[in-house]
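Here come two complexes built around chain A, the first alongside chain B, the second alongside chain C.
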Partner chain A sequence: MLSLILILIAAVFFTGVIIRVKSMSSGRKGPGILQPVFDVVRLFKKGVVYSETTSFIFQIAPTIYFSSVVMVMLVVPFGQSKGVLSFDGDFIFFAYILALGKFFSIISAMDTGSSFEGMGASREALYSMFAEPAFFILMGSLALLTGHTSFHEMFAALHIGSYISYALAILGTFVLMMVAMIENSRMPIDDPKTHLELTMVHEVMILDNSGFDLGLILTAGYLKFAIYGALVVNLFIGMFPYHYSIPMFFVIQFVLASGVGLIESFMARFRMSHNAQFIFVLTSVSLLIFFGALLILGKFV
Partner chain B sequence: MPYFASRNNVNSEDKMMEMEGLLNLSWSATLVAIIALCFNSTKFKSYIAASTVVVNAILTSLQAVGALNGEVQELIFQANSFWGDIPVRIDGLSAWFILIVNFTSVTGVIYGIGYLKPYENSSQKLSFHWILFVVFHLSMVWVCMLQHTFAFLVAWEVMSLSSMLLVIFDHHKPKTLQAGINYLVQMHISVTFLTVGFIWVYFQTGSFSFDAFQTYFGANSNIWLFLIFFIGFGIKAGFIPLHSWLPHAHPAAPSHVSGVMSGVIVKLGIYGIFRIISFLKADFLILGEIVLTISVLTGVYGILNAAVHRDFKRMLAFCTIENIGIIGIGIGLGLMGMGNGSVVLYYLGFGGALLHVLNHSLFKSLLFYSAGAVYQQVHTRDMNKLGGLIKQMPKTAVLFLIGAMAIGGLPPFNGFVSEFILYNGLLEGLKTSDISQISLLVVTLGGLSIIGGISVLTFTKTFGTIFLGSERKPLAHQPAEVSKSMLWPQYLIVAMMLSVAFLPRFYLNTILNLLDNFVNNRFVAGSSGFAAYAENITNINLYSLLFIAIVAVSWMIRAFVVKGKTREMQPTWGCAYVAPNNRMQYTGKSFSKSLGKIFGFLLVEEKRYSELAAGEIFPETRKYESHYHDFFEYRFISYITHHLVYAANYFKFIQNGRVQSYVWYGIVFMVAIFTLTVLTVLK
Partner chain C sequence: MNYTTIVNNQTIPVSAIPEMGYEEFIDLNTGFLTDSPEKHCVNYFGYPFGSRVKLICCIADDSTHQIQVSSCTVKSDDQLDSFTARNFNFEKFEREIHENFGVAYKNHPWLKPVRYAKNRFDKSQTIANYPFFAIESDELHEVGVGPIHAGIIEPGHFRFICNGEQILHLEIQLGYQHRGIEQQFLEKKKLLQRTTLAESIAGDTVVGHTTAFSHVWESLCGIKASHDMEYARTIALELERMAVHTGDLSAVCTDIAYQLGSSVFGRLRTPIINFMQEWGGNRLSKGLIRPGRNQFPFTPELAHRLAEILDIYEPDFLEMNEQLFQLPSALSRFERTGVVSYEDVLSIGTVGMAARMSGLNRDVRSSHPFSLYSELNHEPIIKHHGDVYSRVQIRRQEVRQSMQYIRNLIANVPEISGNEPVLGSLNPNSFTLSLVEGWRGEICHCAITDGQGELALYKVKDPSFHNWLALALAVRNNEISDFPICNKSFNLSYAGHDL
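Moving on, here comes the complex of A and B:
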């Protein structure tokens, strides 16, 4: 339950921090931290425009996409406190529910019959497919290392290791953050601020969404960031008492958000054709974590 | 009956009588139906066939349900001295597969009534088709029941031949005929392997009964014989590189036949593998590792190919190969569980595999039926020519969507339940101490997840291209929703799928019961250790329900907020381009192009086009063609067959078309036999 509240709070600020960091590093003052929230509230008040080509799929998809993100938020734990749901193999459920949301967002893009949106849909499907094994091998290695299979138990057991486990945590942070970037279509993979539809991934998929639906999609994006941030935090806090772990949560989330902002300010997007290979590299980082886990367990003779 | 005495549940005399009665009833019903089908008017043929299949299904299911509860039903035919006693036995494993066969065949035959309506004027074709369908269904059931090697092979052969003849329903099309012959040849390669295996056992033990396997495996090495059977049954099941009949036969067959073939006939290959496993005595670990490795590769290869094909029935056929891979992962895990002495892994692996057999038979037949509905209306299997069908065929579209989500293993549908069990099995397997096993399992974990990812890509592509957007090419006939007799079987399947998804406890308990008696009491005492796991897995339906509740609540909030706001319909935003047309939509081909490029080493793409010539200033209209080949078929199998055909050329002089030489061959043969006998070379 605690994790749920913390994620919600973090989600309110996360995207705002990214935008603020980006504007500051380009020498502008930038909008307020809460501007993304205001944007969403404004969208919620608006009417909608639907494309004539679309069917009911287009209308239900944003709701299902949003619900999938809410659902996965429930399984994320916070240190010693479990998520609202916690069961063996919940990370599988996490990944598959997210995949369900993605399934709907992809077909809703196809529903508009626009060639641009189809292109974005195809890229989204391809990239998230490549990110999948990285996440699963990471989680599998943690399961191997700790002997548990639920988020809560894995993270709780993680810190009782040597320093190597912290090294693994850092590699894990890299993988999780990159997966978050792919899920949210942020910088090294996709540039949310590009103005050419041909080079977009996520933004082009939601070109035809408007009003409440667009608000839901944006909110889901904010939540997703905070969820992955929370997973990263969990890699480090272990069983720390709350008066350390809660401030740590916000510090780490803040560092991640400003990191994203800085990357977006000083880096160009990867070439679209190289993205897939890049994402596949994540799997090898995950394999590195796997070998680290084997090393810690002394399985290498 | 000396060798039955060891079984726990020996039937009493009247039980046997009852089973005999039911089986005789089913035989006589079939014979009556075959005669009736020959002489009836075209209108009633399909109904007669359907009722016969239903009657047969009920009669055999009655016995199967008893067997699932743990009473082995058996009957022994006294045959002549060469065949010996022919045991007909329904144990838990047979019962599970019989029920699956029956359910899919019943939905198939009802669907077929509507699907074959357009052919009502070709009476002979229909009689032949329906007779074959009835025989086909019965032969599949008998394959699961016969435990006598020869009798099994006869039933197996009847099944292969009848299904082959069902495939070539459209026999005037050369492609269909070609697919049928391909299927026929490959099935006989499979039979060759099976026969070799059976004869091997016969020579070692002197018995044709399946129980002889116990003796054989007790005394000899398990690996080689298992591998021979794995190849034999694997051809039927579609493990790579033995899968190449599937992508030809399934698109060629009428959809209700491909639904049944893909839903159950490939599963009988899995049944055979399970049957052999139940007799194994040693070498579990190495066999498990072999099966697991082949299965992961099969899964990834199958779904990769499914992702790029534009023929949607071919895509579904490749997707069957993928699912066979997933089932195989479960079998491999179960074997590794037996090898490691891990009860939990044994239950998770085999349990996941058996549940996925059921699940796949459900959503694959659903997908074939709804794809068939599309084909019936638009007469093309090329998805790139379609689009926007959700408006004309909304029910079919929703059914296809449900099938697509279930087959991708997405919650809240049934595919997730079995995949969740398999993932749990993989994680459970990590608890062993052997590093090679751990590495294999982690790679499998990655493989299974990538299979899931690509299947999302494949099915969003297929569903999006066929049903969403707007039509890419004007169709000759305006498609309309299909008839009720084609929709109802699909509703029935969806209901069944939901029951697996939301009442997994029932199915899981049935499977656990079955697995308790599956291998001779090595693990029987252990199912209590599995209770915690089963609890966890069966709770998955609650989480799915919670998810549905969240969707419902969000939807209500949305409805509440949106109420009273403006709502406009406008053309799709064309990114400032003002003259878009339907041909400019993203096609299925372009959707999976980048994937095809990345995996270009496996997905062999052949393009046919002519480049612009140097001086060609005003180019004429030209054609560009591109299609994908099956890697194994293109690179290896056709290479081998090409060389075989080349070698066969040297023997062409034998078949020269002159009757005189054929008579001469006969004379030479007879004289040879005669002289050899006289000289006592032959006895």
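Moving on, here comes the complex of A and C:
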């Protein structure tokens, strides 16, 4: 329950911090931290316009996408406090419920019949497919290391004590953050600010969504970032008492958001054909974690 | 000799242009271009001549600084051999002649509408039923972009034929910005109206087009602009080049999602155009240049002010370039993206940056000098790879070069001559051609007067007219997601093409 509340609070600020860091690093003042929240509140007050060429898929997809994100939010634990749902194998539930939401957003983009949205859908499907092994090898290694298969038990059993487990946590952070960037279509995979449909991945898929539906999709994006941030926090806090772990949660979330902002300010987006290579690199980093886990367990002679 | 030779901004009687049969005409002009990379067609147009159509072809020779003009009259329903079948330089020009006068070409490979001019020959052809090239295949898909631009700059339609993410073919259909500029030059009788028209040909090349117009007008009146007028025009041209190149660098950074470059270059453009405001009262230099007048003389105070601005501009510009050209992620987007080979740019006759990027030396400032450029000894900046990187580098170096020229020029500001020449009436039955190197490339204005000294024809050619085809070639076999950066690295004008 605690994790749910913390994630909601973090989600309110996360995107605002990214935008603010980007503004400041280009010498502008930037909007308030809460501006993304105001934006979705404004969208929630609006009606929805549906294209005549779309079917019911297009109308239900944003809701399914949003609810998939809310569902995965429920399984994320916080240190010794369980998530609202916790069961063996919940990390598989986590990944595939997100995939379900993504599947619906992809077919809803195809539903519009626009050639842009078809391209965006194919890119998004490709990148998610490539990112999946990275996530599963990471989580599988942690399961192997700890002998548990639910998020809560895995993270609770994860002791940061030896140098090698620090290394694993840092590599894990890198993989999780990069998966979060891919899932949220941020730089260096995708440019969320561009106005050019031909270069977009995620943005182009939601071109036809408006009003309330668009608000749902944006909110889901804010939540997703905070959820991945919470997973990263879990790698570090272990069994720390709350008066350490809760401030740590916010500090780590803030550092991650600023990091995203800085990356987006000081580098260019990858060439589209290099994205696939880059995402595969994440899988190899996950494999390093896997070998690290084997090393700790003494499976290597 | 069956052609006449003129230099830039020279007025000759129309009767001095030799007329010949079509067979001889086609042999002569395509013969000029055979194996001579120093020559290209600056303008080839038709105009009504009684019941017939008179074709005038102007071939510029960059090595001798001369322009060779020849003419021929044909009937509008003639079936003619096309120049294009022998040399692609004439491709757009023949399409224009076909569109305006219905001249049929037997073997033109791509006889499609150019811009759906208001006074076109065949009014049944409309922009809604443009004959797009199509490939029948289950593996390929078409992506149509526009006519509304994603960044709502100007309208144009782009039709891609793609194999997955890879572009096989791009067809660019323009004409949405057509305003009938050339026709309006004849209809508007006041000089001020005509000057304002010249300013509106392409909003980003105000100085370039107005300078070309002024040169045409002054030459037709038989006067020569005073030194201080040409001085102001030269400075304005170089300032315009700096401002637009800096803005383009910003836009290229935006397209590769490099925020720092985008905002720094964007900020650096502002002091330059703000200086134009200080000088002439308009940030886009409208109203600054007038035929036969020095409307806003360049004073020593302005020179001092400009020197201050450049001193602040230069270090920031250089530092940002250092950053951009060392950033691996940016270089990986620039290099080997959107390549056009030397052979291709030569065969389609591109001009300006779109030629210099691939090792083809096309720069009117050195090949057909005008204003004060003969004193500046301009050395064109040439790159050889023909990719986005070359185009971006040309911008970076041309800004520095322009800055140097401006510094040299403002070191001694000339006296204002004061006694402005009186613009009389135009010489009757005359032909004038003016070439100006705008920031985008070669601008060509041609005018012909009738027996009463009234304009009978005004012909405008913006560099975009040639260069759009280079963009279509550049994106072939590239990823479709790299199209925006290719497009921006050319930054061609829709309005300048559509007129």
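Everything that follows uses one rule, which is that the second predicted complex is superposed on the first by the 299 of 301 C-alpha atoms of A that agree within 3 Å, B and C clash if a C-alpha of one lies under 4 Å from a C-alpha of the other, contacts with A are read in each partner's own complex, and residues count from 1 in each chain.
Note that contacts are C-beta pairs under 8 Å (C-beta built on N, C-alpha and C of every residue); 3 or more make two chains touch, one makes a residue touch a chain.
What you see is a predicted model; the values in this text were computed from it and never measured.
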| item | value |
| --- | --- |
| First (chain B), second (chain C), both or neither touched by A:F116 | both |
| More chain A residues in contact - chain B or chain C | B |
| Partner chain in contact with A:R28 - chain B first, chain C second, else both or neither | second |
| Which superposed partner A:F212 touches (first chain B, second chain C, both, neither) | first |
| Partner chain(s) touched by A:S284 [first = chain B, second = chain C, both, neither] | neither |
| Touched partner set for A:S265, first chain B, second chain C, both or neither | second |
| Contacts of A:S55 with chain B and chain C, given as first, second, both or neither | first |
| Chain B versus chain C as contact partner of A:D191, first or second or both or neither | second |
| Shared chain A surface residues [contacts with chain B and with chain C] | 115-116, 118-119, 197, 273 |
| Complex interface listing, chain B residues touching chain A | 387-388, 390-391, 394, 397, 401, 405, 408-411, 416, 419-420, 423-424, 426-427, 430-431, 433, 435, 438, 441-442, 445-450, 452-454, 456-457, 459-461, 463-465, 468-470, 533, 536, 539-540, 543, 546-547, 550-551, 554-555, 558, 561-562, 565-575, 580, 582, 584-587, 590-595, 598 |
| Chain A - residues contacting chain B, complex | 44, 46-55, 57, 60, 63-64, 66-68, 70-71, 74, 85, 87-89, 92-93, 95-97, 99-100, 102-103, 106-107, 110-119, 121-123, 125-126, 128-133, 135-137, 140-141, 143-144, 147, 149, 197, 207-208, 211-213, 216, 273, 276-277, 283, 286, 290, 294, 299-301 |
| Chain C-touching residues of chain A, taken from the complex the two chains share | 22, 25-28, 115-116, 118-119, 187-188, 191, 193-199, 264-274 |
| Of chain C, residues touching chain A in the complex | 141-145, 150-151, 165, 253-260, 262-264, 267, 327, 329-330, 332-333, 337, 479-484 |
